[in-house]
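Structure below; questions to follow.
Which chain is which? They are A, B, C and D, in the order written, and residues in each are numbered from 1.
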């Protein structure tokens, strides 16, 4: 329970008839009393006045589970994103800041651009600052002033103009700094680790009773954030991954017993690997973290490789970076040398293992080419679809913060923009592939075995 | 009422509690009695057996209106797409055909490929034929045999390997031909005109009591098909349109008072123009069919152009092909000459009009460059996102036809694959832009006037 | 003869044994006496000191005609480009300006960038100004200051950051302005019209006895500048043209009797059309200004189209913008209406003519798709090869001007960078395709007829 | 001396006045007497008859050294490539074969396509076979029949449809096989090792007195083949390398003290690294095999990295695969473990070394991202410029073989197509970068130190 009588760890749930539940987001008025409101400046904006019902009805909520039976309970809903008739900040008083954390992802610059332009052109907010190089930038670095002119062309560039870093999160120092700089809107773009940080910042702000809205825009190229449909940059990543798969296919088909091995992003989830495989149709085997596999013996990967090479003369394997970590770990701990650092990379490890296996076996001369396009994928600008998507995520976040919501992320649920409580993102497990029927579609498209039942003897051997 | 006691023009509605309505699709068993069923061959497919609950529950339906209030009625639902436990065709008996109609659209070849591969690899169906060059190919042309090998690489190519044409629809002759060839699954890929044809074919087949499933896959690069989230190829089109807008921007900014004018697809709806504008951020004015505009006088387009050029020295205009048709029609009927055929193209017409206006006015020397990328956009292969999307649409259609559904289209509703009655698509008005809040977002991004209130005198002048 | 006893209209020829001729470029010392020289600052540049013989030997010349017989005369040579041991400008005294004229061409920004960076980093010159929007910018517009920082990223953008225009050349006013601004190096980037202007500026400067070096960098996307191997941007243009040809091919092959018609740049010469055709292999007919053709009758274009359609069912035609101008002119003068302005575009004209012919004839229903990618080609950034090439042209120009040469262009001759007298470029006819054996190669690749011998009756009809 | 009185190891030199030397290529008539000749079928080819002087004059030769002084000796010349008035093979008798060896290179498929189409369409030769997977394919594999239809679209695909391999050269078995199959024209596409093989095959064929023409088309993505201007695929490779450099630049600039490290092809020569660096302008340091460097101490690489990071906050390093091999070798021999295999890759090795150095030093926290785009570059299709170039190389080879020349390669010298004796390519050292003034230009563009003078103590340390 905070000083205002609300437990900041508690979800804000509103229940209704027929099993209806709204998982609502916190609002500044939850812990600050008698906040004044102002009419939304968009009311007098020519662009918006031509559209009927532009403002979001306060009662609009978006259903989470939409595959239903005739008598299903209505289930969880989220607050619909968008502009409200009244706002809780006077534009002239707003002082916003933006920070980007974690790895690169196509669309970061678009999100930055559209927060700046959204605040500026929709709400007349002119004070926006950029925090340099991630969370630590709040206290160890200078900030930069962000104006529409500064960000005008950045959506055509990859990376983040603000710089990024991992870690560096010190809640107290960050909130001190927010107070010192008189910032009252904080936009935090980053993955689940970052959003945990955002949640901590929100709670501390609430504990101190500050009128500061905290909005998260979830970012993960791996697409493993729960609840939301997909994360920005994912489409672009899958698109760009096609280049690597095409190259692997050409290399594999231009020699006898050619193997093209492509490592793609995905530490805990194989979405990029799976979608890239589905989009390409040139892949014979896709390995992801969610689906364990084994190398030796009947039904193992080596056997499958040998089979495909005998049948087709070539094959393409896509492996997510987090796949087979158990095998890698076990393989490496047996030896200790500086080159082994490289073997922690599952792609390099597997390319060595496959080569060694076939060399040792001596029956089949293979040629394996390994491609790791990770940084070439992460660093490109967003494609058109991700540009539009990132724009809408950013605009939703701005509408939300202006409307006084806080401790929320801007996220797409069933194609609708919503506000989701930060807790909901950070306290659930990440999204994974395996239970999805998409995985069945993919297995069907590659015709690979499930690698599900290692033979006993093999299991021992590889343990 | 047909001979089986069901009115084939009637929607098949199932109602439930709390306002629940299922707009169901027809099924072969609606008019053929005692059809035998068979276990779905996927039950013994290794790829599918690893996934829990792979088969769709017969009761699964997808909600249409998902932005709800606490007490909203449940509203319309559609049947969820996907494989069923039992099928109504013995794979060895299936003889399927595929036809593509209307203009080109990225993804056509992927849809063809995946119907062929889906039938083949998922259901063991080996007889699939391609109808050559649209509806008329049923009776005036030879067919081609489609195998997984034939279609193996076609998703990397633009266009349609089957060929296409407009019109040529003669229901009787087509159904005669379907009977002659002993075809029992018909896959029809095309726009709303084509789906009207598909609906007529379905009704005639039903009238004749044939055991033939008719499945439509809606195709329109304009994205104006009602009910569904978006049509395949749309993302690719918006992406490719960026090239033209970029070029227009470079041309416009490299001279004094430069205007870049880009015509994009969209006869009745401006989705491509609007999304391409939103994705680009270099566009100063976007004109679409849904939003009328006028040229002369206060608040007109000429005034806005002059204003932007004075402010920025350059501007980019995007116009959908169907925008301003009233102005074009009126302008052309005044004269009659062979060159005027070209003026029916709103892009060429407008480039002449703008040049003439500023030449006549004599105050401002402009340089206008007109770009029409239409065929360069239509003809490219699908991007990764559309490849995956087209794949799933095709697989859903195959699952649906195998399960005995007919007179349906395979469509995405709120991100879920569903079967939608053909009537629902063909009897409603096309989707348009204007009431959407996306249009407000776009107006806000270009800062263009609404062109809503032509001054009286000007109206007369342009009449 | 100018006041210094040298005829400024005269070529500067040096003759040697065995028919050796050097067509030398003018030098400031030709008309200004007792010019001081300075050691080249590159002598103390670490980067250059590691390379043996970095400085060009003053006697180095490049042979023009290198396909020789055992006893051929040695023929024409040009002065080799590159840094000299001594320079005629003290870096601190240099005040350079750059102007771009005429149409856009990939690589313009790279040339600008590298003149600025070459002067700055190689010679320590810090005063470089950009003239705004072509020749008229000398007297009607403000200039911009160009520094390495300003131009740092411009090579990744299409167009020209300086702006460009056609015409606007007033020699006196320009040279007055050069004097007023105390400019002593003038870099002029443009086509043959522009280089004629450069030549006039050089002559007037010489007449006035000014110590001002005038260097031209020839620019024409059409590649029709005489003497030099190819103009910058040409490779990029041919590359980008492939997109349009691919699209035309897809459109043509996706319908019955499909024709894809692509207009490419080339007002007086068909190099882009020819190379794009050779690179693509999907083109059935390539029409260029150098090779007249006729439409009707035996051996005419219509007949060839009908033949190809009967054989293959589809065809792709590439036409250079300057092809068939005689036919267009004759066709248009017969009628007079505002839409006819559009018919001056040979692509639009021809698409109408072909459609009308086949409609009138009524034997064959064709579908023609016309693509004009001109501005999408012109406006893209230079590819890697043109970036390197543009860089070297710019650096050569800088070395030449610093070494006191003037009235020259920087050009590639047989793969070697040279200085060529401006007269040589402006007083000869433009380069054309027809006598080249490349044309035979292309004819052979398309298998099109030569359209050389119109039947008498047809000749009369079309004359 | 062979049985015909000519030493097959001897160059065929023709000398003339003023130091003129023709390094001629062997001809079948050198060792086979009384060969009949036939008129070139091109004489009656409509396409060629429109071009004046289409056939190459027998006396045409191309000068090698074209930067000359007024009185330079005329020097070496090569025979000009192209069609001759008479040919030494009757088209109906020709049985040609094509083999591709070594690593992939953009353009391989274009060369294959154009040999097939050139023989077919220019000379009416219909028997062309493809040897499967390199030299060993002559005796261990089946061949494939190559027709214009088979090769029609292959130029749009990367790789080689024939397959390739390294080594496997057994001269006797190959020539036996050529005799067995009654092949009389052998087209060999490959690098310098392959051309040495071609030379051995030619000599053995000559020793046996067979009427078999051997033509080489030199292939090396590294561009290190002597005499010729550049090898096909090089432009495409440099272009594609930009992607990796751009990504490295984005990664480096998006973090504090970011380093982007890109490995490019070039085992013995740094042409790709150098041109890619020049084209990009985002590279701070380019390391190539020809220019040794050292890591530690004053003037070493570590010092330079630290300096750049302090100045700019980020840097991009491009390293050719053959650079620093001395350092790698020395570093690895000190340890022995399976992971060390990976360290033979200079890119992986250097990324570890740099990370270890800065971690050990502890003054500067760096983030290094390593990108190896090698296979993504090799495997793409040729760009337009390389497509045209590959076409002309192939056509020249065909003209040469038909004209009875043998033991030659088809190569570009000073922009002219020539026939160069195989000996000349295989007996000289490979082309390298360092003495070229292009290297100075590149050093100047990166402003990197020359790494030429390692401090004594450091030298000891790293030895």
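Here, a contact is a pair of C-beta atoms (placed from the backbone, for glycine too) under 8 Å apart; a residue touches a chain by one contact, two chains touch by 3 or more.
Because the structure is a prediction, the values reported are computed rather than measured.
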(request) Spell out the chains that contact chain C while also contacting chain D. (result) none
(request) If you tally contacting C-beta pairs, which comes out ahead, A-B or A-D? Let me know. (result) A-B
(message) Based only on mean CA positions, could you tell me how far chain A sits from chain C in angstrom?
(response) 48
(message) How many angstrom lie between the centres of chain A and chain D, each centre taken as the mean Cα position?
(response) 43
(message) Rounded to a whole Å, what is the gap between the Cα centroids of chain A and chain B?
(response) 30
(message) If a residue has to touch 2 or more other chains to count, which residues of chain B qualify?
(response) none
(message) Going by the touch definition at the top, which pairs of chains touch each other?
(response) A-B, A-D, B-C, C-D
(request) Report the residues of chain A in contact with chain B in the complex, numbered from low to high. (result) 14, 16-18, 20, 22, 45-54, 57, 59-63, 66-71, 74, 77, 80, 82, 113, 117, 121-122, 152, 155, 229, 235, 238-239, 241-242, 275-276, 278-281, 291, 383-385, 387-388, 391-392, 395, 414-416, 434-437, 439-441, 443-445, 447-450, 452
(request) Quick one: which bits of chain C touch chain B in the complex? Just the residue numbers, please. (result) 104, 133, 157-160, 163-165, 243-244, 246-248, 250-251, 253-256, 260, 335-343, 348, 352, 356, 369-373, 375-376, 378-380
